[in-house]
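Two complexes, one shared chain (chain A), two partners (chain B, chain C).
Up next, the complex of A and B:
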């Protein structure tokens, strides 16, 4: 009985929030411009979802995010493993990484536009930059934390240098890499939307700005909700993937 | 060839953090020779360098001063002639039991079918059949250590280096594992270097017990314990004499003024 009711309880706070939103807006506590009633936003959302010209924007954003994150994952893991494994690489690149780490990557948006123009490349590059260091540092910490007895066991079983790196250092770092990847996933959405908002001619960020400029606030909110839904879905999918990859943990 | 010792350590001196302020002289003037097929134990106060000596023989920790020779060749790194077993098992946690045992065979490029055969055979001997597809986290401590030993035996090292392998196990499991290790040693004739702080265990398992001083570790005394053993709970007076003697000698290392 209790378990049948669980979904209801789970979504009660959301429902209350929705009612509050609708009530505040309908009662005129704030202007309907600043906060259009939720029902209007949902109606606008629906008409966007059935409009074929809406989807290319969704796919443009998704493609940019996926490409930037994927490149950052590959480069970040290679960078993190190299920093942890090789003293020479660490001496060469360590200071660069440390300098670059605290820089808010959104500060680089104008620069990426000068370099790559207003299309996909500038967004992909920005996301790559933003996700690279969280993934690289997580990988680095993961590799540094690998139990030396695992490395020694592998070595005495006949593993050479590359086997040690791949089979033990990398595999041992996977839990940390996944934690870094989750941070990077959230970062992807932040950088994606902010770069599209600033300068772009397609994508959800672009739509948000266009609707805002045209004072079509219900549509603008609907686009933000689309981003939120995508972020939520991506995180859920990620959690399942991570749970499966880490199924060996007790 | 049978005349050359399995392991010969001569004039070994070792410092951690050599050339730094925090350098620690850990081993000094170690002389040790282990016969082929011999079972020896290293005992001594905690921190005296037993593990370090074992790791140097294993080729995991590089040394500069002295000589460490295994099967006639100077040790310069790990090798599959020397298998290791650690207290915390050191199984690859992301691999199943079977995958762990297969790992060394894969690295040796043993054909798949033969590797599977050998791995399954070892797991049967370790009474782990039925647990092949379990992850280490799903096993008890004793089962994990049996899996780790099976993984080491898979590549057929002729020397086993064991660092307090039963130290994390409960008393019953430990005595079962001691029996099994003796059986492995008897039937395979491997050379075993066994680190323990359990004097009874050392006397029961080995033919010689090597006693080390407190840090910097030197060899204080070597006690011959090669008499026939019936069990750790034996009434044999030689067993009790050896245990009492070694205990006294180890305890002397803890006298006031020592760490």
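Up next, the complex of A and C:
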């Protein structure tokens, strides 16, 4: 019984906050205009979820995020491994990576728009740029941290150059790559929503903006909470995936 | 050689600028899509001379650092409270586990509704974006304090506040600073988005104007200016870390 109640007890604080929200809005402490009662927001959320025209926006956002992150993962891992493996690449590209690392990537939103317009390409390119360096740096650190003895043993057992890179250096760097990927996942959502809020013609950020501009605040809150739920779900899913991929570590 | 090193590390930066200039001059992309670096540099100089640049940097810096500072104050307090009190941990743990992965920028329009289009909403969204990162790192740092230090301090008669001030906070400092180092760039990213969406000046406001007037030279100038501000802030915090942790093992040269 106690164990059945445990999850309830764990999430009681969130329930209390929800009740507080409903209470101060219903009691008129703040205007229902600025903070619609939670029940109104939930009702608006439900009507969005059953509205077929809502889902294309969700899929547009998800597709952009997934595409940008996937390209960044592939290019970032290749870049990170090359930076760690080859002195020439490191000398050539290392300082460039260091130079672009501190640039707040949201500054590139207007640039991606003049390059690619307001559609999918600009968002995918922005997310790619934002995620590339966290993944490349994490991969670089991971490969650099691989135990030299493992490399020497593999080489002495006759592993070729390609096999050393793929089976030893890359595999050894997987925990670091996953850590970098988690940072990149958070960055994906931030850049996705920012660029959709700023200028777009579909997606959840676009919906938040247009409901806000149209003073349909319960719907606006519902869309913000959709993004929150997606961020939470993506992080949970990622943690499961990482734990499964790293199960061999024990 | 060691005095030449900083100069040597500047070489690739100069190479990037030279490549930019050369690539733009080659005319593969139009001047609109990629203006020459020299033209962009001239614009930055003009912005600087007119006082426009310093004003914008000042506004963005103020908003980002105010939001970051607010989050640092609240985040460190909540993180320490969570480490020290079961009740605080019970309350904040689910809040943090939901708040941490949430893209906080999705709440910007709500903040605009509540706080208007001025500084307040920009500072608030930057603070929200930083809060959970700082809280989590402080909590992990404070929970990880070696029990023996706590027992020793208590057995020597230290009060609760003395233990907090003299033992927990110094021992958690490296992890707290790590949180700061992750959060500060986030504060800058968020502030810029706020400025781009709401206007109201700052470097993000300049970018917004450049985009509206299809002024691509201004756009590139803005990006270079923002990159410089980002670099200065991040380097500044790394320097602060070295100063604050001069007593810590991580500051000692690695000997093998």
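One rule holds for everything that comes next: the second predicted complex is superposed on the first by the 250 of 250 C-alpha atoms of A that agree within 3 Å, B and C clash if a C-alpha of one lies under 4 Å from a C-alpha of the other, contacts with A are read in each partner's own complex, and residues count from 1 in each chain.
As a convention for this text, contacts are C-beta pairs under 8 Å (C-beta built on N, C-alpha and C of every residue); 3 or more make two chains touch, one makes a residue touch a chain.
The structure displayed is predicted, hence computed values, not measured ones.
K.L.:
Since both structures carry chain A, what do chain B and chain C do when superposed there: clash or fit?
P.N.:
Fit - chain B and chain C, as placed by superposing on chain A, sit side by side.
K.L.:
Please indicate which partner A:217 is in contact with in the superposed arrangement: first for chain B, second for chain C, both, or neither.
P.N.:
Second partner only.
K.L.:
Quick one: is A:157 in contact with chain B, with chain C, with both, or with neither? Answer first, second, both or neither.
P.N.:
first
K.L.:
Centred on chain A, what angle do chain B and chain C make, from Cα centres, as a multiple of 10°?
P.N.:
With chain A as the vertex, the angle is 90 degrees.
K.L.:
Would you sort A:228 into first (chain B), second (chain C), both or neither based on which partner it touches?
P.N.:
Second partner only, chain C.
K.L.:
Among the partners chain B and chain C, which is in contact with a greater number of residues of chain A?
P.N.:
C
K.L.:
Touch test for A:115: chain B only (first), chain C only (second), both, or neither?
P.N.:
Touch partner of A:115: chain C, not chain B.
K.L.:
In the superposed arrangement, does A:200 touch chain B (first), chain C (second), both or neither?
P.N.:
A:200: touches no partner chain.
K.L.:
Would you sort A:106 into first (chain B), second (chain C), both or neither based on which partner it touches?
P.N.:
The answer is second: A:106 touches chain C but not chain B.
K.L.:
Scan A:95 for contacts with chain B and chain C and give back first, second, both or neither.
P.N.:
A:95: touches chain C, not chain B.
K.L.:
So if I take every C-alpha atom in chain B and every one in chain C after superposing, what is the smallest distance between them in Å?
P.N.:
Across the overlay, chain B reaches chain C at a minimum of 11 Å between C-alpha atoms.
K.L.:
Following superposition on chain A, which residues of chain A contact chain B and also contact chain C?
P.N.:
In chain A, nothing is touched by chain B and also by chain C.
K.L.:
In their shared complex, at which residues does chain C touch chain A?
P.N.:
9, 11-13, 16, 32-33, 90-95, 98, 100-110, 112-114, 185-186, 188-190, 192-193, 196-197, 203-204, 207-208, 210-211, 214, 216, 219-220, 222-223, 226-227, 230-231, 233-235
K.L.:
Which chain A residues qualify as touching chain C in the complex?
P.N.:
Residues of chain A touching chain C: 10-11, 13-14, 17, 34-35, 91-92, 94-96, 99-100, 102-111, 113-115, 186, 189-190, 192-194, 197-198, 204-205, 208-209, 212, 217, 220-221, 223-224, 227-228, 231-232, 234-236.
K.L.:
Could you list, by residue number, the parts of chain A that touch chain B in their complex?
P.N.:
Going through chain A, the ones touching chain B are 147-150, 152-160, 163, 167-168, 171-172, 174, 247-250.
K.L.:
What residues of chain B sit close enough to touch chain A in their complex?
P.N.:
Touch list, chain B to chain A: 55, 58-60, 77-80, 82-84, 86, 88, 90, 92-96, 103-104, 107-108, 135-138, 148, 151-152, 154-155, 157.
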